[in-house]
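The block underneath contains the structure these notes are about, expressed in structure tokens.
Order as written gives the chain letters A, B, C and D; numbering starts at 1 within each chain.
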Amino acid sequence: MSQSQNETVVPEHWEPRILAYCCNWCSYAGADLAGTSRIQYPPNARILRVNCTGRIDPEFILAALEMGADGVLVSGCHPGDCHYTSGNLKLRARWALLEKVIEQSGVDPRRVRLQWASASEAQIFADGVKELTEQVRKIGPIRSEWK
Amino acid sequence: MPARTKSQKQATATKKVSQNALVVGGGVAGMQAALDIANQGFKVYLVEKSPSIGGRMAMLDKTFPTLDCSACILTPRLSEVARHPGIKLLTYSDLESVSGKAGSFRVRVIKRARYVKEELCAGCGECSKECPVEVPNEFDWGLGFRKAIYVGFPQSTPSTYTIDMESCIKCKRCERACERKAIDLEMEDERLEFDVGAIIIATGYRLFDVARYYRLGYGRIPDVIHAMEYERLINAAGPTHGHLVRLSDGRIPQSIGFVQCVGARDVTKDVPYCSRVCCMYGIKNAVMAKEHNPDADATIYYADIRAFGKGFEEFYEMARSRFGVKFFRGRAAEVRRDSRTGKLVVRVEDTEKAQPQDVEHDMIVICPGIQPPEDLAKIVEKMGISVTTDGYVDVANRYFGPVDTKVPGIFVCGCADGPKDIPDSVTEGSAAAMKATIILSGGGAA
Amino acid sequence: MGKPVPVAMAQGSSCWGCFQSLVDMHLKLADVLPLLDIKYWQAVVDFKLKDLEGYPDKSIAVGFYEGMARTEEDIHLLKVMREKCSTLIAFGSCSCFGGIPGMANFSTIEECYDAKFRHNKTVNGGEVPTKNVPPIAEVVKPNTDYVEFDVYLPGCPPTSKLILTAVTSLLEGKPMDLPPHAVCHYCKREKKETPISEVLRPYVGQADPKRCLLEQGYICLGSCTWRLCEGPCVNKGATCRGCFGPVPPIMRDHGAASISMLGTYAPMEPDKLVAQVKDPLGTFYRFDYATSHLGRIRIKREDMKKEEHHD
Amino acid sequence: MMGDKVEPRIGVFVCHCGHNIAGVVDVAAVAKMAMSLPYVVFSTDYMFMCADAGQQLIRDKIKELNLNRVVVASCSPRMHEPTFRRVVEESGLNRYLFDQVNLREQVSWCHMRQPKEATEKAMDLVRMSVARAAQLQSLPIKSVNVTPRTLVVGGGIAGLRASLDIAERGFEVVLVERLPELGGHVRKWTHLFPADESGAQIIGPLVKDVEKHRSIKVMQNSEVVEFGGYVGNFTAKIKNHETGRTKSVDVGAVIMATGFEPFRPFGYYGYGESPDIITLAELQELPPRADLLRPSDGKKVNKLAFIGCVGSREAGKQGHEHCSRHCCSAVAKAASDLKDKVGEVMILYQDIRTYGRGHEELYRLARSKFVIYSRFPKDSKPDVQVTANGITMRWYDVLSGDYLEFEPDLLVLASAMVPPGDIAETAKMFGLTRSADGFFNPEHIKLAPLTTHTAGVMIAGAAQAAKNASESVVDASGAAAKAVSLMARGQVEIESTVSHVIPELCSSCRTCVTACPYGAISMDKSREPAVALVTEAKCHGCGTCAAACPSNAIIMYHSTDDQIMAMVEAFLCTPAQVEGGTA
């Protein structure tokens, strides 16, 4: 990686825009449970439901960043707990490489987050959204990183 | 047509088992039983005495432990039952008599006149708009009003309107308003007769009359209400459109006390048993108070917190730690109104400190226990079943026949055989259906 | 056979390998050349840039643009080609996706200068030349950012056979049919459909000559790469490095597809995988970083910087 | 997939859900915004979309405006997707032309104090859904036959009851029990409640009936080692531990009656330090006799103590947060039974949860027999010391407000009901999710407690949560009804959301074959070169292959790249942003 992380000035009235891919069986259900439990978390993430995290092509994440997503969250079943036995392991391997190329290309890798949250882990899901939102808030808009 | 083995067909043929079942009561337990029977290809008559199926659950605002809104999860169930080709809905109907035995009962049902033709009414409500008569709505426990031609609640199933002839003044404005000519003021009760192979009793419960505890002030002090009234108050479709206000002055209560174990675990009031649901609905209601007004104070007066079901203890813990509901161990002895401040004062002994205390609140919600419906004894008597001393239907054996009554072919589920929460009632509904279909299919150990 | 068709060959920043590949048609050139009326090809015929600029618009039937447009001269040439040619071919992977020069975007221009001039051991003085060199862009932008192409002929270089096919069909006015498959389509190696538990560097061990290289742990991008090469490397024992870019639709993210494929093949512990795949950016984006999503973010970043300077 | 070349005509229905959504989200504004989106020809907000009237509204608008796509913005699709799919289907639209936006669980309920931001989020989600809707395609509706046989896993009281009910109803059952003997925990227990039967008296006749029923195949000493397939058509490989032989069984439905394990509370109240400190389960298994004898030296127990909630109700401790439901009543029953045999009985508790019918009476009976109940505070648990002289308990008694001491001859710990140690593997094998208590998750905690999110797999008894024996019996009959419904219908609809290989685009790289966890993709050798082919019945629809395919040759129906990217674009490239809104 060669571009130095510029000190960014976070603009006023800016809210991080976060895209969250959730698998239907664990994390989407966990997000539902967060709602029914009335766990409050930042409203910045937009959840896009996929059947399994294995469905996620790294391109979905990279394209989102290019389109201006300030952060991308992927949340799935814990390794070993995949509803489809092993889709999440394949995503996990893709993710390891993806995170590295993102970092190498000079985009702050803290903008992307992979987490495991089961259907019962509403708090973990909500905390994940919160942490990513706060982290991205500190880094600033991705458009500022383009500066 | 259900797929059945050859031996069953023979059994059916020789025993002449009716392929129909009767379910008495259209609450969650009865609906579940009806669905599980009908899904096997049998025909079900579902008899419900009120104008709509849905039972008590339809009156609730939220459900514990997930705070799912009751209407949201119940409504699809209502339409599933209503549109199931195997279920014949007989709402606003009463069971008149039962004769015969397992495999072939003869049943008579009286379908009371609604004065609105079910097949014509589209539920548009034009009639109700025109009706000049307003009476307290029993669905809202009298807190709101309905017309003389009405549906109890928006998701009422069937959506057919009903005329309450006791209040109707026969002005016929509804008749003129109805474009579909569905109103028939001359309608008469109908008598239906049919055969069934098995019967399921799912008649539900009634709430304990909390006025029997004079010292708790219900009926005397306007801001002392009971839990079902509270449910209607916080319900968006209820009389206040979901605004939690005091009935005396319309102000938003800043402090609410919830009094548990009223008409439960009390030998002196003939309710020696635990009602199973009050702790949890009490906690749920306290959480809802916090949700409506996060700054409000919600205190629960209890003896033991019985959070025993799946996710219940976790919900109790959440109410305490996340929502800040206060739990006060002590049975409320008395509620009075301080005429100077207008506050309600609960006199209670803090058993953890062994001190009697007076605590002020703006509103008191009494959480009554559950009792068998008034007419349960009468209904089951028609089937040759007697009730126990506490008024419920007795089951044959807790292990071998937990949903079997002492009359073969007749089963029981939900609160008809004792207090139960929703999942336990639903489970029993399915279990009763299982037993009934064994009879309908001509099977059985015999 | 009719009149020779007017053609132009232009070169941006590149290695000339694509034209070399054209020349490598050898005897086939004898068939092709008489059909061409070469209107511009700096290296071969003596036309000047101003000649090209002087032709009427769209008067040249087919133009080949090789290389990417890094300098202002390159960009100008590319735009002129677009004006003058009715069919413009992105000739080679540099022209299609930025190619090897696109990897310059991994670094800033100053870092590139450091490597090339200031700290280069073979250069004395270490000065960045300023005379007789055209101004150079801060960042490599893909040619597609400047002009639209009618045909993409990727490859590093495109094979002679591919060029012949393309030229022939263009001259005959027939639509070019380039099947969409990946290199694997031509690979004779055996696959056993087994996931891999270890990623090997190319120099480690001896590969089984009969089995799929990827399944043996060598990163082969054959399954992600357009098959126009017809698989010479993989059948000769070298892994595919992806020089023909992604399979159509042509502007999909080749690196993302490669990562997805490899991750699927090697569902290993993340730390181990990252440790074993050295330089994933260079591995998966060797030929098409400039047109990839990450490459575009890099370009946008530079654009924003420029805007800021203007402010 | 059928071609839907007609231009999309989308209807958007935004639900208030009473106050649930409308109390936070400006639903009218969301509906108004939706009207401005491409292809949207109708948009409205409505009190309850799921009510009959709401459903009718959708049907009416489909007819009236010739809608060919429907978006409902309401609650979680995990609850109501089937409802609305049915509604659009009743109007002649393919069910896959419907999309649901989750404005309740994922918007209004989790952003209750931020109405403005919640409304913005709701608008984005609707925009995304509409973009996806425009890309939706009809898919064929497929039914498969149901194998008329049910697999019951676990031969405890629940498994026995379920097997017997199904068999009596006329269907076949395969009952698998890992131990050599049927009957589970209940078989060993001496103090069942509220009646006076012993476990053996209950289990004996049940086992006999099960064993002699010719429609029930009992496989003892056996375990399911492999499980696959889909609703109506599962295959289980069952291994017999004695013979080592494996047998494959085809079934249409499964009932999981895998039960629980009594928690062995090492580290609690001296458990393990003295033979005279035992769990309630261990007490239950002591052979019945006239006296209660101390395990350490066989002397008669004079002072008996119980401590409740051991390993239960521990907030923040994973797997031990739940109430174990059965223990309060079981302790009350055991205490009142044993009071006749010993001098003093002391019960330390937090809350008395004798909730069931006849249970409160047991508690009252115990008290009337002068069993002493003493409540200890949640945050200060009793202290138990084991010395050479015996056991000493010291605790703070809430009611007297004082510290008390007791030296029992025998201390019984009412330990938690926890899931079996291998429940994680079981869950994985059967594709089930688990809730925080570690037990299996039901499909819906209120209205669908016996079914799971894996169609065709039911749960009964303590597989679902801590339960007592009579509750498990009811569960078992209920779960049996679900299995029978499936088998009696003979056919069941399956999802069409499977992946599909476009043979013309396939490069024969076999990445998908490696990717598929179900072996659903194979190489079609009838083509040259062979190309990948999906066996749809085996495909579970995870989409891993579609993401992995480097040739873009795999379509994951109902979750296509185009559908996903349309949503991403709709979120990130809103008109405002294009004009430089946010940055």
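To be clear about the criterion, contacts are C-beta pairs under 8 Å (C-beta built on N, C-alpha and C of every residue); 3 or more make two chains touch, one makes a residue touch a chain.
Remember, it's a predicted structure, so these values are computed and weren't measured experimentally.
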| item | value |
| --- | --- |
| Chain occupying the most central position, where position means C-alpha average | D |
| Leader among chain pairs (count of C-beta contacts) | B-D |
| For chain A paired with chain B, centre-to-centre distance based on mean C-alpha positions, whole Å | 44 |
| Distance between chain centroids, defined by C-alpha means - chain C, chain D (Å) | 53 |
| Chain B and chain C, separation of their C-alpha mean positions in angstrom | 72 |
| Separation of chain B from chain D, taking each centre as the mean of its C-alpha atoms, in whole Å | 26 |
| Shared interface positions of chain B, touching two or more other chains | 66-68, 291 |
| Shared-contact residues (touching 2 or more other chains) in chain D | 104, 109, 112-113, 435-436, 515, 544, 547-548 |
| Numbers and ranges of chain C residues touching at least 2 other chains | 252, 257, 260, 263-264 |
| Those chain pairs that satisfy the touch definition | A-B, A-C, A-D, B-D, C-D |
| Residue ranges of chain D touching chain B (in the complex, touch as defined) | 16-20, 22-23, 47-48, 50-53, 55, 75, 79-80, 82-83, 104, 109, 112-113, 148, 157, 164-165, 168-171, 192, 194-195, 197, 202, 205-206, 209, 312-313, 315, 321-323, 325, 328, 351-361, 364, 377, 398-401, 435-437, 439, 442, 444-450, 464-466, 469-471, 473-482, 484-485, 487-490 |
| Complex contacts: residues of chain A adjacent to chain D | 11, 14-15, 17, 19, 24-26, 28-29, 31-36, 38-41, 43-44, 46-52, 54-57, 60, 63-64, 67-69, 80-87, 90-91, 94, 118-121, 126, 141, 143-144 |
| Contacting residues of chain B [partner chain D, same complex] | 2-5, 7-8, 28, 32, 36, 39-41, 63, 65-69, 71-79, 82, 123, 154-155, 157, 159, 235-237, 241-242, 265, 267, 272-274, 276, 291, 294, 304-314, 317, 321, 329, 351-354, 392, 398-400, 402-403, 417-419, 422-424, 426-435, 437-438, 441, 443-445 |
| Interfacial residue positions of chain B with respect to chain A in the complex | 66-68, 287, 291, 318, 322-323 |
| Residue ranges of chain C in contact with chain D within the complex | 180-185, 191, 193-195, 222-224, 227, 247-249, 252, 257-258, 260-261, 263-265 |
